[in-house]
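Chain naming follows the written order as A, B and C, and within any one chain the residues start at number 1.
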C-alpha cells in the first residue's frame, strides 16, 4: 500500500500522531511506578504503561521501516526535537494528583478506543494489524479508567471535588483530539487514516454519560487549547523530553 | 493450657518441621514462630517495595524503548513480590496496614542495599546483576521453608525473578562491549555496588543473632558467611567475562579451599546504614510515606463507593 | 475513620480443561476491582483464562485441631483403592 503513496513522509507523520500519544502517556505513567495509592493500583497502572509502550514500539518500528534510512525505533523515540513530537496536549499533562492521572487516562482512553476501532479497517495492513492487537488492551484501559472515574466521582466528598477539579482542568485539551492535521487529512483520502473529527459528538456523549454516572458535572467550558498535534506543546513537554532523551543526548551514538 | 501441655505441643511442632512437614496458618504454632515469621516476611516484603524506588528512579530515563519496557516490568514485579509476601504475612493475622505502619514509623527494617543512590544507568545493570544475584542466593532455599504460605510465595517470586538478574547482566554486558565511556560507567557501578552487595547477605556469623532458631525452622539453610562465599565464588567469573575488575585488592583464588579469599568488609558502614544513616534512608522512607498519605483519599473513595453500591443492591433486593 | 480495602482470595484457571486453583490473595474495595487487580497481579505472564474472586471472610475453613476426627478415619479405608483387589496377571487393563 505504502509503496503507491506519493509521499510516504505523510504516512510516517500520520503514524507519529498516533504513536507519540502512546509514548508520552506511557512515560507519564512510568513516573508513577512505585508511588501509587496502593500496591494493586500501582501494578495496574504500570500494566497500562507497558501496553502503551508496546504499541509505541510497533508503530515506531513500522515508521522506521518506511523511512528506510537506517533509523531505528529508538532514533524516532529519543532523537527528535520537541517541535517534531506530534502527541496531543492531553497526554503530556502532569500527574498532579491521582484524579488527574485517572482523568487524563479516561479522556484519552475513550478517544483511543474509537480511533483503534476504525483503524482496524485501515487499508494499510500493518496499521490495521497493530490496531487489532492494541484495541484489546485499550478496551481494558477504558474500562479501568471509567470504573475509577465512578469510584472517585461518586466516592467521598473530597474525592468528588478532586475528580471534578481534574476533569475541569483537563477538559480544555479534549477538543484537540478531533483536530485533523494535514497528514491525517491526506491519509483519510488514501483510505489509510481515520476521519476522527466525525466521532467528536459520539465522544462527548460517551464521556458525559460516564461523568454523570459518576455524579460529576460535565464542564461547560467552550474554550479549548490545541497545538500538540502540530508540535506546539505545553511547557511540560520540554521536561518530559529532558528525562526521556537524557541518555541518548548525553551519550550520543551508543548502543544500550 | 498448662506449661507442660505447651511444651508437649512445641515438641510435636518441632518434630513435624524436622520431618519436612509444612506448617499452615491455622495450625497451632509457638508464638515465637508466628512473630519470627511476621518479622522476616514483612521485612522481605518491605525490601521489595522500597527496592522499587532506586530502579524506579531510572524508568523515565532508560536509554532505549526495549530497556524501558524491561525495567518497568521488573519494578512492577517487585510490587507484585511485595504483595505476595504481605499476603503471606496476613495469613498470620496481621493486616497490611499494620505492616505499613511499622515500616513508615521506622520500626520495621528493610534491606539496607536500597539506601544507596542510583546515579548512572549502569546502576540498573549492577543492581540486576549483583543485588538480584545476592537476593536469589538468599531466596532459593526459602522455597522449601517450613511455613507453607511463605514457601509458596517464594516459589512464585523465584520463578518470576529469573529474568531480573539476566536483565541486569545484559545491561552490563552491553556497556562493557560498548565505548570506553560506557565501560568506565560499568566499572564505576561495580565499584560502588560490590561491597554493599556483600553486606546484603547479612552480618558475619559471629555477629548474627537468630541463626540457630532460623535454621531449625528452615528460614535459613546456610549461614550468612556461607552464602556470602557462594555469592563471591559465582560472581567473580561473571565479572571476568565482563572484563571488569572487582574492587578488592585482596580477592584471590585459594586452591586449597576451592574458594575465593576476599578482603575485610567495612561493617561500620553496614551498621551506619542499618541504623538509618545511609545516603538515601530518608528519601526512600519519605517516598513510601508520601505515596501512602497521598493515596489515602483514593483508597477511602473506593471503599465509600463500594459501600454505596452494596447498600443500593440491598435496597433493591428489599 | 477510614476502612481498609478487604482481602480477597484469588482462583485462576490456567487453561481450559483445568480447574481453578488458589493463586493467592490481594486487597480490593469491591468484587469488580478484585477481578481487575487479580488480572494485573496474578496473570501478567499469561497464567490464566478465567478468574474467580471470593472475599476472604466468606470462606469457611475446617479447623486443623479437628484434623484427627475429620481426616484420619479415611486413612484405613484401603478397600476404596484399586490396589486392594487381587487379580490374576492374565487380566490386563482393569
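Annotations for the structure displayed:
Keep this in mind: a contact is a pair of C-beta atoms (placed from the backbone, for glycine too) under 8 Å apart; a residue touches a chain by one contact, two chains touch by 3 or more.
Small disclaimer: the values here were computed from a predicted structure and weren't measured.
Contacts between chains leave no pair untouched here, as each chain touches all the others. Chain closest to the overall centre, judged by the mean of its C-alpha atoms against the mean of all protein C-alpha atoms: B.
Centre-to-centre spacing of subunit A and subunit C amounts to 41 Å, using the average Cα coordinate of each chain. Subunit B and subunit C, compared by their mean Cα positions, are separated by 28 Å.
Averaged C-alpha coordinates put the centre of subunit A at 35 Å from the centre of subunit B. The multi-chain contact residues of subunit C, meaning those touching 2 or more other chains, are 5, 26-27, 29, 33, 41, 44. The multi-chain contact residues of subunit A, meaning those touching 2 or more other chains, are 38-41, 43, 47, 151. Within subunit B, the positions touching two or more other chains are listed as 76, 80, 83, 296, 299-300, 302-303, 305-306. Every residue of subunit C that touches subunit A in the complex is listed here, in rising order: 5, 26-29, 32-33, 36-37, 40-41, 44. Subunit C contributes residues 2-5, 7, 24-27, 29-30, 33, 41, 44-45, 61, 63-65 to its touches with subunit B in the complex.
Subunit B contributes residues 24, 26-28, 76, 80, 83-84, 87, 90, 95-97, 152-153, 156, 160, 296, 299-300, 302-303, 305-306, 309-310 to its touches with subunit C in the complex.
Chain contact summary for the complex, subunit A toward subunit B: residues 27, 30-31, 33-43, 46-47, 49-50, 53-54, 56-57, 60, 73-74, 77-78, 97-98, 150-152, 154-156, 158-159, 162, 243-244, 246-248, 251, 254-256.
On subunit B, the positions that touch subunit A within their shared complex are 49, 52-53, 56, 59-69, 72-73, 75-76, 79-80, 82-83, 86, 121, 171, 174-175, 178-179, 181-182, 287, 290-292, 294-306, 308.
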